[in-house]
Amino acid sequence: MATDTRELSVEPGEPTTITGGPTPIAGGPSQDAGRPSPDAASGGARPHGGPVVRASRLVRRFGGRTVLDRLELSIAAGEFVALLGRSGSGKSTLLRAVAGLDHEVAGSGELRVPERVSLAFQDSRLLPWLRLLDNVVLGLKRPGAAARGRKALDEVGLAGRERAWPHELSGGEQQRAALARSLVREPELLLADEPFGALDALTRIRMHDLLRELYARHRPAVLLVTHDVDEAVELADRVLVLEDGRVARDVAVDLPAPRTPRDPRFQEYRELLLAALGVSPRPALPSVRTAEETTDDPAQ
Amino acid sequence: MATDTRELSVEPGEPTTITGGPTPIAGGPSQDAGRPSPDAASGGARPHGGPVVRASRLVRRFGGRTVLDRLELSIAAGEFVALLGRSGSGKSTLLRAVAGLDHEVAGSGELRVPERVSLAFQDSRLLPWLRLLDNVVLGLKRPGAAARGRKALDEVGLAGRERAWPHELSGGEQQRAALARSLVREPELLLADEPFGALDALTRIRMHDLLRELYARHRPAVLLVTHDVDEAVELADRVLVLEDGRVARDVAVDLPAPRTPRDPRFQEYRELLLAALGVSPRPALPSVRTAEETTDDPAQ
Amino acid sequence: MSQAIARRRLGPGRSYPYGRIAGPLLLLAVWSAAAYGGLLDPRVLSSPGKVLSTAADLIAQGRLQTNLLISLRRALLGLLFGVGAGTGLAVAAGLSRLGESLIDGTMQVKRAIPALALLPLLILWLGIGEEMKVVVIALGVAVSVYVNTYAALTGIDSRYVELAEVVGLSRAAFLRKVVVPGALPGFFIGLRLGVTASWLALIVVEQINATSGIGYMMFQAQQYAQSDVIVVGLLVYGIFGFASDALVRAVERRVLSWRRTLAN
Amino acid sequence: MSQAIARRRLGPGRSYPYGRIAGPLLLLAVWSAAAYGGLLDPRVLSSPGKVLSTAADLIAQGRLQTNLLISLRRALLGLLFGVGAGTGLAVAAGLSRLGESLIDGTMQVKRAIPALALLPLLILWLGIGEEMKVVVIALGVAVSVYVNTYAALTGIDSRYVELAEVVGLSRAAFLRKVVVPGALPGFFIGLRLGVTASWLALIVVEQINATSGIGYMMFQAQQYAQSDVIVVGLLVYGIFGFASDALVRAVERRVLSWRRTLAN
Amino acid sequence: GVGAAAAPTGALPTTAPPPGTRLSIAIHTTQIQLEASGRIHDLPFTVSQWPNLTAGPDVIQGFRAKSVDLANNAGIPPIQANAIGLDTRIVAVRLSETPLYVFATAPGSAVRDAADFRGKRIAFSQGQAQGVVVLRALKEAGISTEDVHLVPLPSTQFLTALQARQVDVAPLAEPTLTKYLTQYRKDGARGIHTDVVDLLSILWAPTEVLRDEARTAAIRSFIPFWAQGQVWAYENPARWIEAYYVKDQGVTRADGQRIVASLGKPCFPTRWDTAIAWEQQTSELLTAGGFDPAVKAADLFDRRFEGIAAASVPSAYRK
């Protein structure tokens, strides 16, 4: 597998394996970074190789604010990682850095990413002057691109809209088009920034299935940003929680397929992650007061 | 209360009260359109007057496709209505029509809306050339606008970012800024198009609380588009499901405050609505196959 | 049967069919009224009737057509080279910092230099034949196209550039799929200015060693105090200006049909 | 200690400090090399030394400064009125269909008409004094500003217009908050073209009843084929063009700091 | 100025130019005259092109660009060329003794004769023949340039400036003069005739061309065609007006007749002394006005060509 190794710094530092948050969670699911976990979707063994993404000591500042603060990240080949975090915690910033789009990000150590990276942006970012199909196949060179684009559009439920302009699509349709664009190029590393945020429940389920299917077929490494904890637990091998510019939680999800929220262990993961996000899922939904009193310490 | 009455058509037709979907749901919560329901947030009685929004036979076509098909809608003063529907079902189209932005929408009968309408767009739509605070107070005339804008920014968790440019905000921050812009003008009718879609769980809860608080204070009529059924059941007096260009389901949510998902009746509403959206919530999460086999008939 | 409902519009609303012609027609009407109402001294500006009859004479003699055709050829050639050069330079300057530093400042200097002052140099290098004429026209066109295209190009939203990087576009594909369509709105403004510039340059170049052309015709008319012919020339310029602009706009509307703007 | 990491960039990357001056400097270098290397016939184009000494003479005689100051005043006045008129017309045409139909076509016709041909009419109406000069300059400026501003204005994303309608902006606030800032990028292009246009118009207007001004100086030099003086004039124009453009750009960069584009 | 040292020397070739000799001649009228009289094919050399350049500065540019070998202008351009160091020589001279320019007055102006010019606004295009005419008229009327307002204008704007009453007096030639007077006589415009003439019409070439034997021979052989062409035009005014003014220039027949009438009879001097003196005077006028450095007029002429034009025409056109 072709990889780009980019030297980040004059200060040499060897890549380190990331460890979890400061305090291990007592009684929760095992924290298990980097270790291969069984395939959630197909149940088959995953061909986890060496890390396909390896970043160490990533730092990104905007003005005075440090958004990524010596962040460590490593994703194995074929691993499905979900990334959670508060709004504004730096998830998109991290994705842009990993995709190599951030020309100002700095760090020490190295950043290794594969060559074929796909990024589904948080905003769908369709080129307004290209029709839908052209947007989806943008940059695809091989013959049959159009046919594959058509198929991808069909898969995301946009068959027949090939010639629509982006502005003629609803929010969710645009999001699905952007997803189709990411998937159609069969990346080695798929970065997806809340790709299902604007979708209704049914469409979301279909998109999950689509992603799972594609994942089963090509085994890309995936880094999926989501705000939906259920989604994270359902899809990912490993869930990271970003906080204060670092990976504050690194939770390996060890559940058999098919994963269902009715599984009590699913709920356990769910609660662990919600707690990590500052939400105490029970009792019920907290009011403003209680929400503010909730600290970020899951041990509370 | 000042209202705009707009004649839609040369073919006179008096506004009609909307009735629910074609088949009343047996055993489900009562379908109860237009009838005042007790206040979910404060438990106080709501000052429901005559309908503040009344639209009948709204029709909107794009090219050959009919997106709104003789749609009937009526919202009472101070009523909180949630709008569900598949991606592409026409929710945003309806909101734009109600807000009077769609200069091509046609219908017979009339469209009555109050004068002070706020619309939080699905895309956050901040003016890129205005700093955050200026975006929030855009169009506010009264003195003290800046102070109120600052307060609103504080409430949505963006205190200290007043002078940021929109492009310097994360997706969720932009969404919250747009929400602040909608709320700060204390509308009589608040239209909000997935205002919480890009927010993490905790921030979302805070925004729910904020909305509830504002709602309790000013009693606007609210039409909230969401993909989150829990959110709909938790916040709304009435939930509409848009399908095939019409209001296919009109479900009055009759639950006491504070509403909690642990309430079995909450779950009942939830399942009813998920079914209306084509998702059978149990058993577990359906695969593509089962999702496709699910019909839209909730009686199934 | 159905009617639009709308909030108070801030945009300009639906455009009138053939709306743009109203202004020029009004001007014509004012001119006619002033001329026939006796408000306009015919020695200062001839009446429309007089100008039309002069135009008819010129057409009958074949002068107008011949001159127009010859000028059109020069203008089109100049336009062609000018648009090509302007666009090429804009792309080169917009996409590389080296190009920018070599080209952009030079173009700013160039465009500040009056054609009249450059003429002697161009004559020295290119002589007084057709090449010189076409080059002078092309230079004027290139500047208009360059400035607008370069600005549009450098003004392309950086998010689209990111997208292009992420989907791994080659430089050529980046040009084709992102830069060119993204800069088209600006290019069209440049083109519209360029078309007029090509036509205006005729007045200058057709004073030099020309025996035909609309610019020559106007120049001669000035020499011989044929004010009617001058006004005919102005009319031709006006009509051409309006028509060519309408043409470019029509193309623009088709090509930029993806835009959702205040105007449509 | 830290270093940028990046995917292959498609954008032009970081700009060179003072990058734009490179092109003009290179031109100067080539000119010097050619002149002193004997490749350039001094009768065709004087050497930089000769031109500089001519410039020094002109400055010693006080001619250059006086002429420049007088021209600058005219150009600035014309620029002021032209920018005002161009912007006002663009707003009127962009925001109402009535304005559009009356103004836009007329402006297209106007801009196709050569200034030289309009001159007689303006002289009849305004005489040959300073008013006429300022008006001629202003007309040229107005056209540049109008075309770009109008295009930018009508090109404002309709989603922002919707937003303005939804938050209930008054027409004045709509102008102030949406239209003006949204059209500013286009306005700045127009302004940059307008600044140059004001300077170029001097060549035309300072032929009429002027005994001073840089345009007069150039015209005189041309009448007498004084190529040294012409080249000095060209240098002045070039320097002015570059400097004024750099100035407008600097203002533009500050005012448009919210933009995230290919260029920055 | 350029000294006589640089002047081409040696006897003028008397033989026909060698085959293949080419000249670029910027004399549109001669081209039409030769075409109309059918003599165009008798030229013993090839005319590579007939550039249509008339204005002095344009011709000077053409010379410098080596696009033009021979041109026909009034007396001023050679002085201007000399002032900027472009070495040229006059090779033939025609005298026009009828005044070409008449001083038209603005409508309602009180000016009745040249003596009234004092204190008035006079249109003045300094680099052009019209400019010298003004200077000469003032000189003859004994008025200093200080005592009038010389309004700098290109001659193309004279008419407009009169109409707009922005000047009191401007020198106009035909057909503009008649047009103006016809239209504005009733408003009190009038023409003031003086005996100031624009005496010289000269044939001139860059010295560099005259250093070339073949082209010098060609120029020599061309001079008679030039002179005879004008004689032909004078003798066949109807054909001339038709061919040139009507067909080529797009002027009405009436205008053409007026122009031709104002031009008078061509006259080619056998001796150039008057011409040189005139040129010297012109130069001094320009210098006195502060417009041009002084030149030694004799250096502007290549006297080897003296009398060639005169010898080629009937004695009625000789002086």
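Letters are used for the chains, namely A, B, C, D and E, taken in the order the chains are written, and counting of residues starts over at 1 for each.
Rule of thumb we're sticking to: contacts are C-beta pairs under 8 Å (C-beta built on N, C-alpha and C of every residue); 3 or more make two chains touch, one makes a residue touch a chain.
These are the chains along with the protein names UniProt gives them: A, B = ABC transporter ATP-binding protein; C, D = ABC transporter permease.
Keep in mind that this is a model prediction, so the values were computed, not measured.
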Shortest chain-hopping distance from chain A out to chain E: 2
Chain pair with the greatest number of C-beta contact pairs: C-D
Computed distance of Cα centres, chain B from chain A, in Å: 29
Between chain E and chain D, distance of the C-alpha-averaged centres to the nearest whole Å: 39
Chain centre separation (chain A, chain D; CA means) in Å: 50
Chain B, residues touching no fewer than two other chains: 99-101, 123
Residues of chain D engaged with two or more neighbouring chains: 7, 9, 44, 120, 124, 159, 164-166, 169, 178, 222, 225, 227, 259-260
Multi-chain contact residues (two or more partners), chain E: 61, 64, 159, 163
List of chain B residues in touch with chain D within their complex: 96, 99-101, 116-119, 121, 123, 125, 127-130, 134, 138-139, 165-167, 181, 185
Footprint of chain C on chain D - complex, ascending: 7-16, 19-24, 26-27, 44-45, 94-97, 99-109, 111-114, 116-117, 120-121, 124, 144, 147-148, 151, 153-159, 161, 164-166, 169, 171, 174, 178-179, 185-186, 188-189, 192-193, 196, 199-200, 203, 218, 222, 225, 227, 230, 233-234, 237-242, 244-246, 259-264
Complex contact set, residues of chain B against chain A: 62, 84-88, 91-93, 122-123, 157, 168-173, 175-176, 193-194, 197-206, 208-210, 213, 227, 229, 234, 258-262, 274, 277-279, 282-288, 291, 294
List of chain D residues in touch with chain B within their complex: 159-160, 162-169, 173, 177-178, 181-182, 184, 256-260
Chain D - residues contacting chain E, complex: 43-44, 119-120, 123-124, 127-128, 207-211, 216, 220, 222-227
